[in-house]
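Once you scroll down, you'll see the structures, which are given as structure tokens.
Same chain, two partners: subunit A is paired with subunit B first, then with subunit C.
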Partner chain A sequence: MTSVEIYEHLRERMPDAVVGYEANSAQPAILIDAEEVFELALLLRDSEKLSFDRLLVISGVDWEGYDEKGKGKHRKIAQYGEDGKPNDPGPEGTGDLGLYWYLHSMKYRHSIALKARIARDKASAPSLATIWPTAAWAEREIFDFYGIEFSGHPDLRRMFLPEDWEGYPLRKDYPMPARYHDVPLEGLPLAVRENQQSQEEGA
Partner chain B sequence: MTDLQLSERTATMPGDQARPLKSDLLHINMGPQHPSTHGVLRLFITTDGEIVHTVTPYLGYLHRCAEKIAEGTTWHQYIVYTDRMDYLAAMNCNWGYCEAVEQLMRATGTEVEIPEYAQCVRVIIAELNRIASHLIAFGTYGLDLGAMTPFFYALREREAILNIFEKVCGARLMYSYYDIGGVKWDIPPDAMEEIKLFLKIFPKKLVEYNALLTENKIFVERLANVGVLDRETAIAYGCTGPVLRGSGVDWDLRRDEPWGIYDRFDFEVAIGRGQMGTLGDNWDRYYVRMLEMEQSVKIIEQAIAMMPAEGEIMAKMPRTLKVAPGEIFVRTEAPKGEMGFHIISDGGAEAFRCKTRSPAFHNLHVLEKLGEGQMISDLCATIGSLDLVLGEIDR
Partner chain C sequence: MTPPESPGREAAFNVVGDHIGDDREQLLHFPIDEDLAEIANPTSGNIVLGRVEDFFRWCQLSSIWPVTFGLACCAIEMMSAAGTRYDMDRFGAGAMRGTPRQSDLMIVSGTVTAKMATRLKRLYDQMPEPKWVIAMGSCAIGGGPYFKYGYHVVKGVDLMVPVDVYVPGCPPRPEVLLDGLMRLQDKIRGKKGRLVKPKWVDQYITTIPE
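Showing the complex of A and B:
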């Protein structure tokens, strides 16, 4: 089935869950309501005509500061400045968070992308871990980086960062920490500092 | 002391034959520094004697914030960071990223016409790197199971490939050779001769490997019927690459969803057949890689034959690259499996979002299921058969 046919099929079966269809973007995608994704995923997996048996990726997005005009003037992430100290990330973000699922069917060899927007102050979505086991780790990764809570997830912990890490680093308004457990993260790298020191001593 | 008290005391003595021997669950940390975990992977294992009850991988020891870096570097600068993902197959990672950016540009209306010559160079180099990556998988797998010789054999042939790469791009591990729109340098004539020589010699070496390890009785006994991954589980857990094909699933992006010029090549997709035991066991996954190396040689030979005598290595690209707004998910077949890049652009000089779908990340997830009920020594064999690279898992 092509993406349009899949979209028509879904809209027929679950009109409330499907919000729209992106035909003109680089890759066609179905826009959905994040709250309904669990039922939608069940339909996508179990429907005889669709049978999506593989979830290839779940990706999180922070849409804060996205340039709608397409000029690339999006909000710049905080980086380390010339003095080696973290830059000010600016005001707290208000834009939506987003989720992106890419599914593939081994039986019919078709694939589809699903997209949803989530309010930043209520960042949660249903977990698909009981439908496709792949989702368990992919959702943990998104929880780690974006702080989106997946309800019904069997084991929602941080994936890569330490459990006591504060904040969600891939959000655009993430302030870079200066220290972690008394280990200074700010300042120039040690090699640069030593180099400067030796130059000063030499002079 | 009365008799009663004495008997009570002896009854609680350890090793008392009157009471049945009680087993107890033991928690073990395997890694992050462990030779069989192929990097800094920490496995938290609950065991009862030698039997593994649960395996929980803990990741992040090699996390370098690649996805955050992608939002702060230009499109070209990020190629360097893709090297550091799967550092045993950096060429394939470079290509996966460049391909994703090129496809996004094409889909949003920018013409990117990769020259024929560059397309052939890309295939030749990527397949050579696939062989090099599988050679490491083959060599270290023997090492995991106590067979040291194959490792030296594998590194000897990998050395030949690395020498070729050094002549092509000057680097032996972190190549950054692919560029958005083509490749950075031409293959020099003497490197081309070396590639041809390598293709002549390598099939004979494969026969040697098979005699040395593949059909070795001890090796087969250790692998056959161990770590059986059935077809449905492999698909549901998102396994890709040799792990998926080892379970008998006939799926290879190079043939089924070709990118570049892969649709022109005639090759067979190697799948597991359960020759030595059950379909989808460790031996099947191992053997798929051996067969794939053979097929890669076939592809390189065809690519050399269809290569024009000379040509451009780069498409005409602007000096400062800006990608028109759009969102795309493109995956390519890396040696470890399907490597995908989910890229969002809003017209800027850097990505708004660049997520990597790393194959080994999802291949490792299935270890939670495979490890249950195995012996600890078999767990090492199972980890080896998944061919993990932590650089790519942690990113």
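Showing the complex of A and C:
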């Protein structure tokens, strides 16, 4: 089935869950309501016509921090406090977070992407780990970097970052820390430091 | 026929270092006390006299055992340098130990993340003295491509542990690592003046890109 046919099929079966269709991209995506993704995923996997037996990847995305032209912004940190945190962490983001689910059917060899927007202040989505077990790792990773809570996940912990890491680094409003415990994360290369030193001594 | 002169060649020779000294010293790898050697030579060709400190240094530099410690893509080049093609064992540094307690050298080969930096410090503390550190590659030297936006990367391993030799590259080829190893051997041997910073380096390090 083509992605348009899949979209039409889903809209017939679950009209509340499907929001729209995004054709103008290399990978056509079906816009869905994030809260309905569990039922939608069950339908996608178990329907005889669709039988999406494989979840390729789940991607998280943060739409905060992009201007109208789609260019990203970054924040400059002026000063750090004693605790290694920035004195002025800047405004909190207001843009939506998002999720992409990429599905593939080994049986029919068709694939589709699901796309959902998630409110930043209550970032949560249903977990698909009971439908496709591979989702458990991807969701842990997204929780680690974007702070999206997946309800029903068997083991939702940080994956790459240390357990006591504060904040979610791939969010656009994440202020970069100066250090983690006693590990410095801010510093200049040795050549620059030596050069500064020699200049100070010379002056 | 002489090769054409160019400013680049001269600088390159300075970085790599031309080996000064007579052939005998190169062969033996430790400095011979010339006066004493003169006395020793007529009696027997098999006796070489020197200082005990030099002998110990020669032993140390001839059996640098690195700790098996790879962090990122530089570790692939380090493995290549330790393998048969480049054979780091020629310089006595091929015995990669599985524990820091038997090691003299830590080759920090790759990106030092915040999570790994605590382990790196612990490994370094576990190594017995005397111990040396080679910072291999851009990331270990100064954060590399993660310098500006890397929230998780230590901007140079010398912020964590003292570093003896910096090996530039991204990643450095095995030859460069071997050269760094030989510079470390020079350092252990107590020879100075081989590491010359070329003049053109200054113009690149005076300004940091914003």
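Remarks
By definition in this document, the second predicted complex is superposed on the first by the 164 of 203 C-alpha atoms of A that agree within 3 Å, B and C clash if a C-alpha of one lies under 4 Å from a C-alpha of the other, contacts with A are read in each partner's own complex, and residues count from 1 in each chain.
Assume a residue touches a chain if its C-beta (ideal position, glycine included) is under 8 Å from a C-beta of that chain, and two chains touch if they have at least 3 such contacts.
Computed from a prediction, not measured in an experiment: that's the story for all the values here.
By the document's definition of touching, both partners, subunit B and subunit C, reach A:162.
In the overlay built on the shared chain, the residue A:184 is in contact with subunit C alone; subunit B does not reach it.
When the two complexes are superposed, the chain touching more residues of subunit A, out of subunit B and subunit C, is B. Applying the stated contact rule after C-alpha superposition, one finds that A:108 touches neither subunit B nor subunit C.
Of the two partner chains placed by superposition, only subunit C is touched by A:192; subunit B is not.
Residues 74, 160-162, 169 of subunit A lie at the contact with subunit B in one complex and at the contact with subunit C in the other. Taken in their complex, subunit A has these residues touching subunit C: 74, 160-162, 169, 174, 176-177, 180-181, 183-192, 195.
Put simply, subunit A touches subunit B in their complex at residues 25-27, 29, 53-57, 59-62, 66-74, 76-77, 79, 100, 102, 106, 109, 113, 115, 132-134, 136-138, 145, 159-162, 169-170. Considering their complex, residues 114-115, 117-118, 141-143, 147, 149-156, 158-160, 163, 166, 201-202, 205-206, 208 of subunit C touch subunit A. Against subunit A, the residues of subunit B that register as touching in their complex are 59-60, 63, 65, 67-68, 71-72, 103-104, 107-108, 235-238, 249, 251, 256, 322, 324-329, 331, 338, 340, 342, 344-350, 352-353, 355, 357, 361-362, 365, 369, 394.
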